């Protein structure tokens, strides 16, 4: 089915083209450029050989995430958060979401007293930066843990589930998958869904920007997300050379 | 149905006792103490006769919310955010949620160039402080707008929908309504749902704290929330002397 | 003697009605709601099992205080200090005063390496919030130390003196006791006095808001404070079930 | 009467040697170095041709003060407040005191929409820096207003009263005038008194550092302050070439 | 001449391979990726249709620069400045340098009341990030001004000089051109030179990290820089399609 | 040669009168007032018996510098950095320069695990405050190390070189030595040079404020600086009673 008015001409259940480039920068243990249409995010994973104070001596690891946007990644230039001296509420909300989602993917007790830092930096924004960050960070984290395996520091990549994320929403009355910026800025409802490769939910965050939405719409949005995330996880595994 | 192990002895679909006390403090245009079991939040609504810069001259109003906890509203004392010099990511996330939810309840174009400030301050916490804040703030805002009507400043309370909020979650494998602190701190899934009196969704925020959850569980949680919110909105209207 | 123009109709040497409610909230070791007329402050006392760095290993305790106002505790809404990212000079001045006054009441060397945190949060303001905070915090601290005695951690409540505080001032040319907001905002001189149950001074802070005041006025103000504080300390002890 | 143990050998009612150097730096409209024994403070007064927002268009002036200490003005080096990114509570308390005291000295309605900024910067500290700041700032402000008179901007220096400040305290059981650092750091009671040339009080701030003090001691301390301040104001006027 | 020990095997007067990619991101008026060996910086130029307050109404423009590094652009992860709440002294020093250098390149009076914001964000660091930022920002700024010309807003690109920048230093006793990270972290002297296409100096910043350096070394370093910058400016012009 | 238009009437190669006053304040281990014409800076050196975390246990010392200006050290009053809550980029740049320059003067490995804190506070500014700070701090640091020698803590003052600093610039087309404020605010080129007593460079920071400058001008400026610094170092040594 094709929604005539979808600005990109995509079908309602069609993802943008997604590309994952591993080893995108050279210093990080894991470094992935994820491109979802015109949205581009650099996701790096850095291993630190210690844990925050509240975990010291407990023999387990920690995983945390930070998110940022280059000032001119957006249509008009945003103030630089480092110059303003604080991160916006939106930034903090997003980096907390990325952290929770990725902590659901890995077994924190299986990689020793180490911290995995995920940094998701948006180079170019066209809608869906937080979901692209999660999908890309999954691969960067996997690569970083693989480095630890190769060094003999841990026996196996401590993955519990693969996770990926996508947005769905109601655009001009129709539920659609993977909102780009023209859709995102005009939609009635915007929902971010994070799911595992078992098709279970890690996070669901839906907001009625305009009219409140009913239960049938909710169900249709979750159907769209379910199919889109399955595709994304297949892509993640293929890029990592893993059997799907 | 009664879950044998629910710490409070409540049925799985049973709300805590909710009390709304209007005119709780004397200076604010609207002032409500909401008590949901042992969770107690003071919600005040203040009218300011101007709007933020981005709305100046557009002839419409604005509504914004702030949230705080007294340092010893919790089991162990938290650092005071004013003393630390910044609000936590959690605080910002909550106050953004309260603001979005209440902006869905009122018609911003129908009360002139005024700002309604909602302040939700937790006096005692026992789980569900953000949902109690939204449910209480709805009544405080209604009272504040009523003052504007009584002064002749606007013709009617600019309400579009009533909104209320509740948490649902999976506690020891069973979906339950209205988590208290012992449940909240041990649950697998925690979901905050905000709905209108038409039974439509304003926000859904679900997080798998432990295991990811499946679609059937999602559906059961939304059923519980739907019934609980209907009860809360009946209570709001009764307290305000409105026909349900 | 009755000053005809005192807005409340009180005699010049008459306190507002004072009420102390112990165990006001459930988590804190000591928790007191103090109401002085329309001024309402929640005072909690929290015991922490450690001391600041500068006292580590010295075998003695520490006592510190923080003060805050809910944004709409006042006639017009104040900005939230946590949102502004800093405490005002007034707030810091008040919490330093509360801390010094209560450190004079207790023997810091008699409760081990523990910190007593006092939090005084103004729910509703009508003048005299800092003196109400001190008078209420005295009772909250006493209750918290009693908990330590009951647990066997210390042999007795380490009280040196009871302390209480009151404001006095010159309103329309006449020295009066216990200024409420209409008096406070229009007075010539405002003095806060903190005294012990032995009638000795812990702090005296007098400011000529309008005309400077002479020595005779100073003496009359101290007389008024002396009598008012004696009443307050009797009330504190009665509420605690102690012989006056 | 001589207190045998006063570290400096001064009589109990004896001030340290005070020196006022006008035109100490060349850019400020008023610039005074005040030396009280080894305490040295640079007090500058700067005229700005505008007022803060809350006074705009009211036709009156404003006077405000700031206070700072060079990091190594003290026995051991203090952290620089500019580097820490905030002023301590003590600093804010002191600069609020200086501002209130000097606002009592001048008629804010008589110098137009101008702001007088007083900056009191401690070059070397040996006790009594806040009282020295007030005494010195009085002269710097007078000089700055004189500049305005000379320029024809105002008809006369808008002085209401001269003010000066001194500390008194109880050292080893004896009330003494003008505490230096060895006394200040060991005293039982410390009181800062600000008075006018009419002998009236502008501010009294007394703190029992050790034992609470009784009414007779209070009276003796005020007597000492009264005499000391009269001497300081004579000195201020003499330096300014005014009849005492 | 080839220095045997230069880690990269380059000749002492040999630049790393430099690549300039224009239109690197899609939203900015000018957007250039500059790669100098493994150092990669995104330079964007954004036009804002207003000037800072101090220039309002003067009919001239402004140009300003900001600089940042992605947390894992470096060998070990750096803290994110936005999360720390402040920019380091190094960051501020660099962005001030970039701004001054580019203000020397363009005629601020020839592009109306507009601000050109340059953002230089380091994606991958291997030495020389500040000089790469300047060289890349020159091209991004040129492209942004060209957009203004194409829109008819200004008659011509207001370029005064082309500027480019390079580092030179003393590595193992020998002056070399264009230090990479292994050289930069071990060199005795590090000098950043910014010059125009006329061969004149805009900035020279030389620091003896180890031993102080003599006049002959200074001269040799300036010779190397002079030749390197001439090459860089030729490259800038060629990429822009301008006659050298 | 005399430049007719030099505002002060000085010859192009003539320093302002320089005075160094040692033991200027009494608490610091080293304390120097440096006066270069009307520029006056208090430089104190404080010894702390520990090192920053990154040096702990390495057996070596550290030296660091901070810089500040009194708010009315300048022609018009500047905002106080402590009140604004942050140091400007200019301040940070200057204190980093002072620190690097003085670390070149002393052998950090020869004074044990101690930190030397240099504080340079400008009392009155008339151009050249950063270079005066360096020249004065050299003497203050020497004095502080001498104290350590006298206490037997180290065998000798760990000086490697004497360093001093001066500005040079192009004023009305002519290279001149030691810019004062009228020259500094109108010059085309401003260069700060820091050199050792061996005539070697520690830092060179030259900026073309107006027109870019050529190599011949660069050479003339370095000649002027070389002679001026030699004079300053002679003065430093004479004041310290050392053979030149």
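Per-chain numbering from 1; labels A, B, C, D, E and F assigned in written order.
Keep in mind that, in the parts below, a contact is a pair of C-beta atoms (placed from the backbone, for glycine too) under 8 Å apart; a residue touches a chain by one contact, two chains touch by 3 or more.
Just so we're clear, the structure is a prediction, and the values are computed from it rather than from any experiment.
Engineer: Could you work out how far chain D has to rotate to sit on chain E, using CA atoms and steps of 5 degrees?
Structural biologist: A turn of 120 degrees brings the C-alpha atoms of chain D onto chain E.
Engineer: Farthest from chain E by Cα centre, which chain is it? Let me know.
Structural biologist: So the chain farthest away from chain E turns out to be C.
Engineer: Return the distance between the CA-based centres of chain A and chain C, expressed in whole Å.
Structural biologist: Taking the average C-alpha coordinate of chain A and of chain C, the gap between them is 51 Å.
Engineer: Between chain E and chain F, what is the separation of their C-alpha centroids in Å?
Structural biologist: 28
Engineer: Please tell me the distance, in whole Å, between the geometric centres of chain D and chain F computed from their C-alpha atoms.
Structural biologist: Measuring from centre to centre gives 33 Å for this pair.
Engineer: Can you list the residues of chain B that touch 2 or more other chains?
Structural biologist: Residue numbers touching two or more other chains: 85-86.
Engineer: Reading around the ring from chain B and passing chain C first, what chain order results?
Structural biologist: B, C, D, F, E, A
Engineer: Would you mind writing out the residues of chain D in touch with chain C in their complex?
Structural biologist: 86, 89-90, 92-93, 95-96, 100, 104, 161, 191, 195-196, 198-208, 211-215, 218, 222, 226
Engineer: Within their complex, state which residues of chain F touch chain D.
Structural biologist: Spelled out, the residues of chain F in touch with chain D are 25-28, 31, 38, 40, 42, 44, 46, 48, 66, 68, 70-77, 80-83, 85-87, 91, 117, 119, 121, 123-125.
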